[in-house]
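Both complexes shown next keep subunit A, but they swap its partner, so subunit B is in the first and subunit C is in the second.
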Partner chain A sequence: MRLSPRARAAWLRCLTDPRVVTGGLLILSIATLGLLAPWIAPHDPQEQDLLATLMPPAWAVGGEARFPFGTDTLGRCIASRLLYGARIALYVSVTAATGAMLLGTLLAILAAYFGGWVDWLISRAVDVWMAFPPVVLALILLVGMGAGVNKVILAIILIDWTRFCRVIRSEALVVMVRDYIAAARLAGFGHRQIMLKEMLPAMIPLVITMMSIEMGIAVIVEAIMSFVGLSVEPDVPAWGVMIADARQTMHQAPWGVILPVGAIFLTVLGFNLLGDGLRRALDARLVLSRAVATP
Partner chain B sequence: MTLTARGLTVSATLGGKRIDVLRDLDFAIAPGKVLGLVGESGAGKSMIGRVLARSLPPGFSVTSGRLDFLRPDGESRDLVTVPGPELSRLLGDRIAFIPQEPLTALNPLMTIEAQFGEHLERLGLPASRRRARIVEALAEVRLPAPETLLERFPFQLSGGQCQRVLIAMAFASEPALVVADEPTTALDVSTQATIVQIMRRLQREHVTSLLFITHDLRLAARVCDDILVLYAGEVVERGPARAVSQAPRHPYTRALQAANPPLDGPLTRLVTLPDQMPGLAAFANLQGCRFAPRCPTRDAGCAASSPTLREVAPGHFVRCADACSVAAPAAPAVLRRLEAASSGVPVLVVENVAKRFAGKRDWLGRRSAGVDAVKSASLTVRPGEFVGVVGESGSGKSTLARLIMGLETPTGGRVLVDGQDVTQGGRETRAIRLGALQMVFQDPQSALNPRRPVERLVTQTMEAKGSNASEAQRLERARELLRETGLPPELIDRYPSQLSGGQKQRVNIARALCVTPRLLVADEIVSGLDVSVQAQILNLLLDLRAERGVGLVFISHDLAVVRYLCSRMIVMRHGLVVEEGETEAIFAAPKHAYTRALMAAAPPDDLDRPWPPDAAALAAAEG
Partner chain C sequence: MAFLALQLLFRRLLLALPILLCVSALVFGILRLLPADPVAMSLPPGATAEDYEKLKQAFGLDRSLITQYGIWLGKLLSGDLGGSIFFRRPVSELVWVALPATLELVALSLFLGISVGVGGGLAMFALRGGLGEQALDGATTAMMAIPEFLWAILLILLVGVSLQWLPFIGRLGPGIQLPPTITGFLLIDSLLAGRFATFGSAFTHLLLPSIALAIGLAPLVMRVLRSSLLETAQDDYVTQARLRGISENRILVRHALPNAALPTISLIGVQGGFMFGGTVLVEMIFAYPGLGNLMVDAVRNHDLPVIQAVALIYCVLVLGINAVVDVAYLAVNPRLRLAGAR
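Up next is the complex of A and B:
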């Protein structure tokens, strides 16, 4: 694919930004570990060893090498559960963020392009939607739809599309007053062509940045929902479920809580670093102000 | 001498190479004199103001030379090396600045009195006397009813009024030196005349030295005692204003002068220079004379050695090996106006078209008063005819263009293309309109999608629904369009950010030509360009008419440019057409008072004719 100099420069800025590189590597390694879980996990994540419950990690006193991160109350291998939990976390974050992005961006571009009552309707919907506390809204939605990981994804999409919609709409309004939109109209472009070919490409840097941040949010939301038992089935290893299971024995076996919290922390940190780095590398205003400073 | 520069050199490091952005600059301004610094964008003319204020961009520094300022106590200080605190005492007090953008130079959150008072406080004026001093200063710049302005905010004033406030502030401390960087560029012609007049008068009364930085040689000739012409960071010519502007010796100054279409006298085809001034990065690669690659009279020696400034007449210096020996080029052939066919169906008829922008509804649903952008405008364009639309900002001329193109729907009147009514949008009328009419936008920065390469920009119409051109056909068409608009073929896969201003505007024109329209609507398409590039674009438009008979509705605030291009013109003011007719007839005997005022406000070429005109005539134009 031929890259425009602008796109090439953007790529270069991304690849040389320490935040993007650190965040990207974190996410990449977590994703790799999750994908390879069936091969690298020492145990089946559901396999119980009731003779070896609440084992400490291998390096601690009383730890055993066959359970690198120790075991939980039912003697399940924490390392294996963490690896499998990464799959759930990443699956939810990618699908939920994509869904929220698609819905939010579509409505944002429609609102900015048509303006008038379309814009009014969409913007007011966003206002009303955002007035609900997100966790409460998620609980209400899940109670209504029933539990399950796909319901969690749907709930995240239904809640967080507003975030995309609001930010991207304001960016789209900036593009709308550009003369090249008028020029496209004079070139005989239809509404759909203008939105897809002229407006959308200008939104992409922002969309990518927001996606990355949204994925981090989705990881947390999924963990919360698992924790309260509204997400995956209880027998599926998810990080939130692990925390919920381990909290009763937190004082005897703190690693049972610390390790999944650490996994969530690293994943969210990765996504946030990536998002922040991408924002700095791709945001035209930031790039421009720096370019002026260093000619 | 108030300010003396000796061998001043500003350098930047770019890609490891040292580049002289400003090389070996020498000048001197005597008390009460005006020195003009003339140059196109990128010539380095704004660097001097930045050296003075020590606000050079990072990476830029003064590498040699000095800039001596004569303090009131008779001591001379080198502003390049003077300690910071002393410099800040001098700036704003002994040395004042008049900025380019009056509206952004004033704090929008402070009243005029507060801002002016702050400045006077810095100058040490006791609080009790500030108010009276402000009123006095505002009266001095001929602002009507200065007392009523004190409580106003900048956004409640016009650009010209803001600029007058800033001039009053600059002169409030009775400075020895005022630096004005393009002070009138952002203003309308009639406002420009007023501002220049006020600046000149204050400067004479206070015996202040003025450093006048501008891109407009014609204006500089009017305002300045001496002129210094910059090209690519070097002074190419320096001398008395009259000599430099009327009988320039350097080929670049000659080209600048020739690129300006005249306001009176016979019209000749503008002589243009090839290409454009090299960018900063290219300065390092320039061997010998920096102007040589574009010079019409260069010889083998020019590329080898850098010429020095030679005195060709008392006080008149030129940096050219051949400055005296080469005579001014012979006058080019007189431009023959192509008369449009008087018969035939007009391509475009605009009948009493009006546009009212409705006010916003408040929360009770009541509408606030709307704005009449165009009250009533009529216009007829026959095939191949060039019609000018002249007006100042707010006259509704850009809205008229959008109404013609169907980007706005008129609230009254009719628009006919080839005799068919296309006033109301709709699929069919749109097809008729866009097959015959295309628009060239004002600002190529905004009009060219930065994510499209040139090829996909100029052939954008072939991507529209209903057009099923193949990639090969598109490429072929793109090549044709580049050839027609004088763009080198290798630009075909470049992106807008890789093009120069002139090239972008050509791409802009090429795109409009893709559907072979019979009429182009061009909205201020040369106002953002340097004079030499402007001349190239104007000639391109004339060539397009000669080759393909395309007509043009040319919207501009610049009378000289309209006179050069158009055989007929209309003058707009406050959304109304106030005058209409043959260009030459209007220039010879303008009927409407506004047209007369507009013409009086433009500086004439003949330096013996007085300019700026008297205040009464200007008031008529501004009001």
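Up next is the complex of A and C:
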């Protein structure tokens, strides 16, 4: 693939940024562990061993090597459930963030390009959506649509498109007044061609950055919804379900809570670091102000 | 000046009314998608088809959607939020008990979050370029990677269960009597009644949930304040103040902070709104009897009138806090303040 010198420089900045590298490696390893779960998990995540309930991790007193992270109230292997839980977390984060990104970016570009009543309508819709605390809107949507992991994904898309729409619309308004857009118009380009071929590429760095942060948000929202029992079926090992189950017994077995919280922490941390690093590496204005600001 | 601010606030709230109307229609519309049947659920076992029709009429569910919305909106405007299907009490009664509890929680959380955030932001700025800044930066990254409801659980585990420093269930300790209800705010009512033990118990019960909520806000405030302070520090008037021999601390507090505070204030407006969302789960985890707990109970029991009313109240609170913050933004902005004085 041939890259322009500017694109190559941007890639280089990304790949040498410590945040991007750390975050990327974190996400990559969690994704690999999740994908390999059927082969590396020591047990079936649903397999119950009622003679070995609430076991501590292998390194603690009373732990056993066959349950590296201990067991829950039903004697299920926590390590195996964590590995399978990674699949759900990443599945939701990729699909929901992609959906929200597509919807939000599309509406943002339409609003900025056509202006007038299109912009008015989209901006007012964003205002209305922003009046809801996201969790409250998610709860209402899931009451309306019914529970389930795919409904959670749909709910995240229907809620978080506004995050993309607001930011990308204001960036698109800046791009709209650039000379090359006017040149494209004079050259007789169609609406779709200008929006997709001329405007969109200018916003790709911003879209990628926001996408990374949105993936972290999606992981949290899925955990919240499976925690209150509105996401996956109760027998599916999601991190939120594990926390909700283990909360009842956290006096005797704090590990059951701490380990899935740690899993969520590492995943969200990975996406945040990635997003933060990309923002600094790709956003020219920020790079400039940072160069000035740090002595 | 105060009058001007009130006028601004009033105008800002007026602008929020059409948004609120759309919000109410949206809430109403989404909840009518519900596949479950609230009438069937609120009937005792062994009810006849006739009972079903009667109850359906009593709930007004036999009429068209638009009529239902109209009736609901009309009653809403006269202060009637309808009756709860699950709790079998008027919704307004439930809300009047829960709302002050949530407001108390959010007020303390905002206070904690803003004070720690501003303090931390100033510290990060003062320690810029050193190891201290890097340590604080790392701390904010870690704090932001754990959502409020998980902080709530971790705090219960650490401070409540292991160290046993603070209580973590409900609003008051066992055996402590409620003060007579005057405002509904437990902290204020207990002080008015002169019951300091009750005040202490209510306050300690508030601490853990509000720390959990504040952790969501503080790191964001720290980061935004730090970066806008870094920007203002480059401005000419700061250099000029320095040349006049004004001490660094005074420059920071009197000259740089008022200008640098503006993005932070906007941020607090947005995040303050989100904080109401955070209360939903935090209240549920701490069994704290506020709006969030009411909402989760209502969601679990498909109690439509309660869900509708509480969702709408959340939106009113968000729009309200946004309006207040917008006005504060104008009031604090040094440039606009000058223009107003002339």
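Keep this in mind: the second predicted complex is superposed on the first by the 287 of 295 C-alpha atoms of A that agree within 3 Å, B and C clash if a C-alpha of one lies under 4 Å from a C-alpha of the other, contacts with A are read in each partner's own complex, and residues count from 1 in each chain.
Here, a residue touches a chain if its C-beta (ideal position, glycine included) is under 8 Å from a C-beta of that chain, and two chains touch if they have at least 3 such contacts.
The structure displayed is predicted, hence computed values, not measured ones.
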Fit or clash between subunit C and subunit B when superposed on subunit A: fit
First (subunit B), second (subunit C), both or neither touched by A:Val228: second
First (subunit B), second (subunit C), both or neither touched by A:Ala202: first
Angular separation of subunit B and subunit C about subunit A, which is computed from CA centres of the superposed model and rounded to the nearest 10 °: 90
Which superposed partner A:Phe265 touches (first subunit B, second subunit C, both, neither): second
Subunit B versus subunit C, judged by how many residues of subunit A each one touches: C
Contacts of A:Tyr180 with subunit B and subunit C, given as first, second, both or neither: first
Touched partner set for A:Glu47, first subunit B, second subunit C, both or neither: neither
Which of subunit B and subunit C A:Ile220 touches, first, second, both or neither: second
Touched partner set for A:Glu64, first subunit B, second subunit C, both or neither: neither
After superposition on chain A, the shortest CA separation from subunit B to subunit C (Å): 6
Interface residues of subunit A shared between complexes with subunit B and subunit C: 292-295
Subunit A partner contacts - residues on subunit B that touch it in the complex: 12, 14, 57-60, 280, 402, 405, 407, 430-431, 434, 438-439, 441-443, 446-451, 453, 460-461, 463-467, 493, 495, 497-498, 511, 514
Contact set on subunit A toward subunit C in their complex: 124, 127-128, 130-137, 139-146, 216, 220, 223-224, 227-230, 243, 247, 250-251, 254, 257-258, 261, 264-266, 268-269, 272-273, 276, 289, 292-295
Subunit B partner contacts - residues on subunit A that touch it in the complex: 2, 4-7, 178-180, 182-190, 193, 197-198, 201-202, 292-295
Touching residues on subunit C, where the partner in the complex is subunit A: 16, 19-20, 22-23, 26-27, 30-35, 128-129, 141-142, 144-147, 149-150, 153-154, 156-157, 161-162, 227, 230-231, 233-234, 273-278, 280-281, 284-285, 295-296, 299-300, 302, 307, 310-311, 314-315, 318-319
